[in-house]
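Okay, so here's the structure we're looking at.
Residue numbering begins at 1 within each chain, and the chains themselves are lettered A, B, C, D, E and F in the order written.
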Amino acid sequence: MTTSCPECESSVTLGATPRISEILECGDCASELEVVSLNPTTVALAPNVEEDWGE
Amino acid sequence: MTTSCPECESSVTLGATPRISEILECGDCASELEVVSLNPTTVALAPNVEEDWGE
Amino acid sequence: MSEKRTRVAVAGASGYIGGELLRLLLDHPYVEVVLATSDSFAGKRVHNPHPNLRGRTELAFSPHDSLGDAADLDVLFLAMPHGHTMKKMPWYLQRAGVVVDLGGDFRLRDPAGYPRYYGTEHPAPELLSSFVTGLPEWHRDELRTADRIAVPGCMATAGILTVRPLAEAGLLDGPVQVDARTGSSGSGAAAGSANLHAERSGAMRVFAPTQHRHEAEIAQATGLPVHMTATGVEAVRGVQVLCRAPLAGGVREADVRAAYRKAYAEEPFVRVVAQRTGVYRLPEPKILAGSNYCDVGFSVAGDGSQVVLVGALDNLVKGGAGSAVQALNVRFGWPETTGLSFPGLHPN
Amino acid sequence: MSEKRTRVAVAGASGYIGGELLRLLLDHPYVEVVLATSDSFAGKRVHNPHPNLRGRTELAFSPHDSLGDAADLDVLFLAMPHGHTMKKMPWYLQRAGVVVDLGGDFRLRDPAGYPRYYGTEHPAPELLSSFVTGLPEWHRDELRTADRIAVPGCMATAGILTVRPLAEAGLLDGPVQVDARTGSSGSGAAAGSANLHAERSGAMRVFAPTQHRHEAEIAQATGLPVHMTATGVEAVRGVQVLCRAPLAGGVREADVRAAYRKAYAEEPFVRVVAQRTGVYRLPEPKILAGSNYCDVGFSVAGDGSQVVLVGALDNLVKGGAGSAVQALNVRFGWPETTGLSFPGLHPN
Amino acid sequence: MSEKRTRVAVAGASGYIGGELLRLLLDHPYVEVVLATSDSFAGKRVHNPHPNLRGRTELAFSPHDSLGDAADLDVLFLAMPHGHTMKKMPWYLQRAGVVVDLGGDFRLRDPAGYPRYYGTEHPAPELLSSFVTGLPEWHRDELRTADRIAVPGCMATAGILTVRPLAEAGLLDGPVQVDARTGSSGSGAAAGSANLHAERSGAMRVFAPTQHRHEAEIAQATGLPVHMTATGVEAVRGVQVLCRAPLAGGVREADVRAAYRKAYAEEPFVRVVAQRTGVYRLPEPKILAGSNYCDVGFSVAGDGSQVVLVGALDNLVKGGAGSAVQALNVRFGWPETTGLSFPGLHPN
Amino acid sequence: MSEKRTRVAVAGASGYIGGELLRLLLDHPYVEVVLATSDSFAGKRVHNPHPNLRGRTELAFSPHDSLGDAADLDVLFLAMPHGHTMKKMPWYLQRAGVVVDLGGDFRLRDPAGYPRYYGTEHPAPELLSSFVTGLPEWHRDELRTADRIAVPGCMATAGILTVRPLAEAGLLDGPVQVDARTGSSGSGAAAGSANLHAERSGAMRVFAPTQHRHEAEIAQATGLPVHMTATGVEAVRGVQVLCRAPLAGGVREADVRAAYRKAYAEEPFVRVVAQRTGVYRLPEPKILAGSNYCDVGFSVAGDGSQVVLVGALDNLVKGGAGSAVQALNVRFGWPETTGLSFPGLHPN
């Protein structure tokens, strides 16, 4: 099953039986995605823990 | 005695008795300058030996 | 210059800016460091995290809260992560007659910059205008009487010193593109995976392709639109900015040099570096480590339409602790170079 | 794929590009390196200047003139300082059926670029158009039958691969500003004071504030005006370009990503890297050393007016010897990744 | 060589050794990586912490416990901090037919070494003798049938390969002094203040003036008393050992060279490097990054009383993951160099 | 302290030691630099090769022969490659009342050391004993009246300061093994392929496995047999020596510490660093760049048979120009730390 990443619009593969609140990573943009509804399965950006990456 | 650098227009100090063909360095832009005439003393950019500085 | 030394405290003294303040202030002839705060090193000698200070002082760290008990402080330097002093500034202002904040919380004059660049509303916007920018080159007169000083960011200092003379002289005609490069000390002493040696070593990490906080400071100081990127490169200390802007019609390279001369001829810590020969033709931070210089230079493109400006400094000195001490010297009427004369090293 | 291996020679084999060609070609299953020229190392084993090749071959260097005696060469790689092959190309063309020049002498299509960027009139302008650009991503079909190949410069390759997809898609609206950073191997193996370790180490040397030669190549390939600066930073291998350009009206980040996908979805050696999380969000050369990848990425400024593009590669591989071998694979119909599968190292 | 690929799992796959195992195993023609465990990166793609693997695999990390569910594993690589597998080895041994431990928990044959060097009694001393040392150069025959393999430590591997030929030949007369230097990847991917870039950069940190754990391994393998120091120097990858020992009476330099030749003439991954001229006369790790070579060399002091031996390797390859894959090749009867042919880079 | 400044000249002023002498002497309150010689930079400003001195002086280089015309020189510093002053010393001695040689030509007392370590008979052996060693820690009294001073080598200074207190106290029982590591500035400013950035970067180059010249100096100063190796590691400035020696019977760690205290308690520039906790437990050069400190430390092996000693300094300062200036201060009766107070940087 696939859906589209809300951040970068690339396709994201979900497991056979996605669960609400499941967290996935977009392979393209590495955004953390959360399954927010089933039938149809939709994902949203997971709340972003502000991560420092080098300033 | 001072004159002006043809490259950067900053003032360049010459010795008391400049000689034709004498080579000086501009303190500001580090151009090599050559005394090309006396009375009045004028300097020109010395022919630049192409110097590699890091490509 | 009074007999009695001016009593100073450093809050956040275990960090990199705090350590650099200690290095400069411990050797400063007119001040006495009476307090250095750190919670994580409380009770330990300052040379524990700052091994260069071994043998230079007996000072040990006090917990941050001990600031509340400190008596007779003349000056308080704040060197903590941003977001902290914006909340507690009224309390800090009561601790000493002069407060110098090295963080970003009081650098912007327009409160609207905080939500945009710091991701938060400023809790004390009314205090913003009471701070003077701790950059003597452009705020010397105000600093002579300032009791609240906000030192600009490291890349901002480089950017402002590099761009502002041309902006003031009206030589630029449009937005400035700033490509900033920084060493790893710029992100402080807190360990994390991005700063792990094996990850950070040899990096060319574009950590801020857009929206870096210092962009707002450069725009504020120059009055020009600024687009800034920031890249972490291999270095511990050192910031370099490479700035590009369209030149106003008819402007020649000699005008650019003249604008810099006019702005900085008398400045003890800004040097114009734009040579035609030699290895070091334009400013580079590697020879500036430990020094309070900001070197600035330029090159005009062949067709005269664009100028490339280059600035370099040590982020912990001229980009932080050094500017702070220079501002202190101005504020107290001491010779401006007091305690700041180290020239830097070559090779290095 | 014939039983008999294709016979190749490398001229200028003691240099950095020459050494990298040897590394790749000695492990290439379909070629045999029959000649490696160097005057200064003539008679010495190739592992003398290239210690990584110890134990991999018995090959020794031959004087450069020995090329004149070489029989049955199928392919000749030229890896010499620029200015040399422009004078002697007719002679080299007689030495082998396929000639691959890694220098700059046959990269520009317009002879006018030579006086401007190389400081000299081109002595054989009529040959310029007979060379195909050795960049399979954009010239694959021409390369299948090309007997004269000119591999683009290292920073040019990064710039072209990074900017061209957007240019082709019409997403850019104006000149491109390219800030290139490069490691020290980019200037070759000839020692001089600018490249002395103590001088070059930790450098941020803006050696070309304007007018870098690779500027002409990027402009030629993208059809856009290009302003390029080049800075030497601390690294041995590695090039990164940070490119800025105004976006055409209405272009969104998704359009930028789509343009890259369209251009590179099937490319074995170009990866799109534009992540929201993690340490390596945009392309960095440090993980690419030895690999033939060029990573490209992007970030659109908050107001959508400008895009920042980032490209990274190993100057000696994808920026030189690797592209040359990839072009060779295309030319001879071998699988395009043959001999080029090393992924790069992390950490590194 | 079976049609079906051998199924391997890597436990601790988000670390530096784990990442290097993935790099090598993903390109290995006879194996299939079916599981890579990490708790902190569970669910993320392996290229998240290991950006060099982008585009090479779709594999994502599984939680460490998922090993319990893995079916049909042929080989399990353990790449976790020491102290962990000594407690859980019986459980790991049930997960796969062949277990390769890259940590220190099963390297010493004598249980008494654990309290002395690891500060703890070994909880499963009875298992120690069932492990074969994963160093094909000295344990090839045992490895052909080994189901439990303990790969030596990185500095230990360098020390053993450098000293053992002379020890075996009876050329040394007394204790060996080993000065080891290592890059920062040797301490793994866990961030802490000692590994912060600004602290670790340019370091010459004598982190083990005495009692380094690898001392015990070198003594065990050579039968000689060993005194070892370990210093962290500026590098990400790379280990070098400089070893000194008294020569037995009458031993000449030619005897030393002969002993190395005898030991390593047929070895694919050990090269003897002891040149009189050139820049790279004795082994250096910088040209070995990514390669599976261990270079060894020597110099006899003027008066013939002492020999100085030098060994170099990449700690993550020949000092860890590479030796493990080489041992795997031996164990499964594949050509020993399979998947390990990368020669290293110069310059680098 | 006279009103009139002491007039000093530096011969070999374009080199690395020469540049460091200029840095220190230009800021020294009691001296005036009247002449700086260089043939290759004659006529150029000193900031051309030494960009850190920009804006600090108007001084330009004079040809080396101009020394012949210099009048009223009080002190002449010689900072030229070894082999040169041994031939011309009588001429130099006539140029100034006090001559300080920073090269190796007058460091050894026994002429037999020259053929062995310098490959040449000494042309003026009768002068050797007239030179006083320029190391105030061990020769302070002689220096007060010395007119001929020979400053020890950089690694020798580190080795002597580290080993001699224990040798003097009779704590060592046998030969000392010195493993020295050095940055690239130690080999001066002359470019060559071994010092090319791409070759030298990240190196661990055992350039002297035996017979390094400084070995003779350490043996001379400590009275013990010394076996020394020297390795070039990644750094520009910095020397570290790791020394091992057997301890005399019954010697405990406290005795070692006491010996150092006794030797150095009053010394302004030697610090004992042997901590149990923290990141910087033993001496490291990276925090000493630019400072005149030599840090020394120790660790006794578990069984008490051997001691590991560690020393660190900046080769251009305490290992050269700094010791020279310190000796000058002693010679002229100025406070010994004059002009030498820079503490070094952290992080760096």
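Throughout what follows, a residue touches a chain if its C-beta (ideal position, glycine included) is under 8 Å from a C-beta of that chain, and two chains touch if they have at least 3 such contacts.
All of these numbers come straight from a predicted model, not from anything done at the bench.
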Fraction-based call for chain D against chain C, same above half, different below: same
Per Cα centroids, the chain farthest from chain B: A
Comparison of A-D and A-E (more C-beta pairs in contact): A-D
Remotest chain, chain D as reference, centres from CA atoms: F
Chain centre separation (chain A, chain F; CA means) in Å: 61
Mean-CA-position distance for chain E and chain C (Å): 45
Gap in Å, rounded to a whole number, between the CA centres of chain D and chain B: 40
Between chain F and chain C, distance of the C-alpha-averaged centres to the nearest whole Å: 35
Contacts with 2+ other chains: residues of chain C: 16, 185, 189, 192-195, 198-203, 205, 236, 277-279, 281, 284, 347-348
Residues of chain A engaged with two or more neighbouring chains: 30, 53-54
Chain D partner contacts - residues on chain F that touch it in the complex: 16, 183-185, 189, 191-193, 195-202, 236
Chain B residues within the chain F interface of the complex: 23-25, 27, 30
Residue ranges of chain F in contact with chain B within the complex: 43-45, 48, 58, 60
Chain C-touching residues of chain F, taken from the complex the two chains share: 16, 19, 23, 27, 48-56, 184-185, 189, 236-237, 271, 273, 278-280, 284, 287-291, 293, 295, 341-348
Residues of chain B defined as touching chain C within the complex: 7-10, 28-32, 48, 51, 53-54
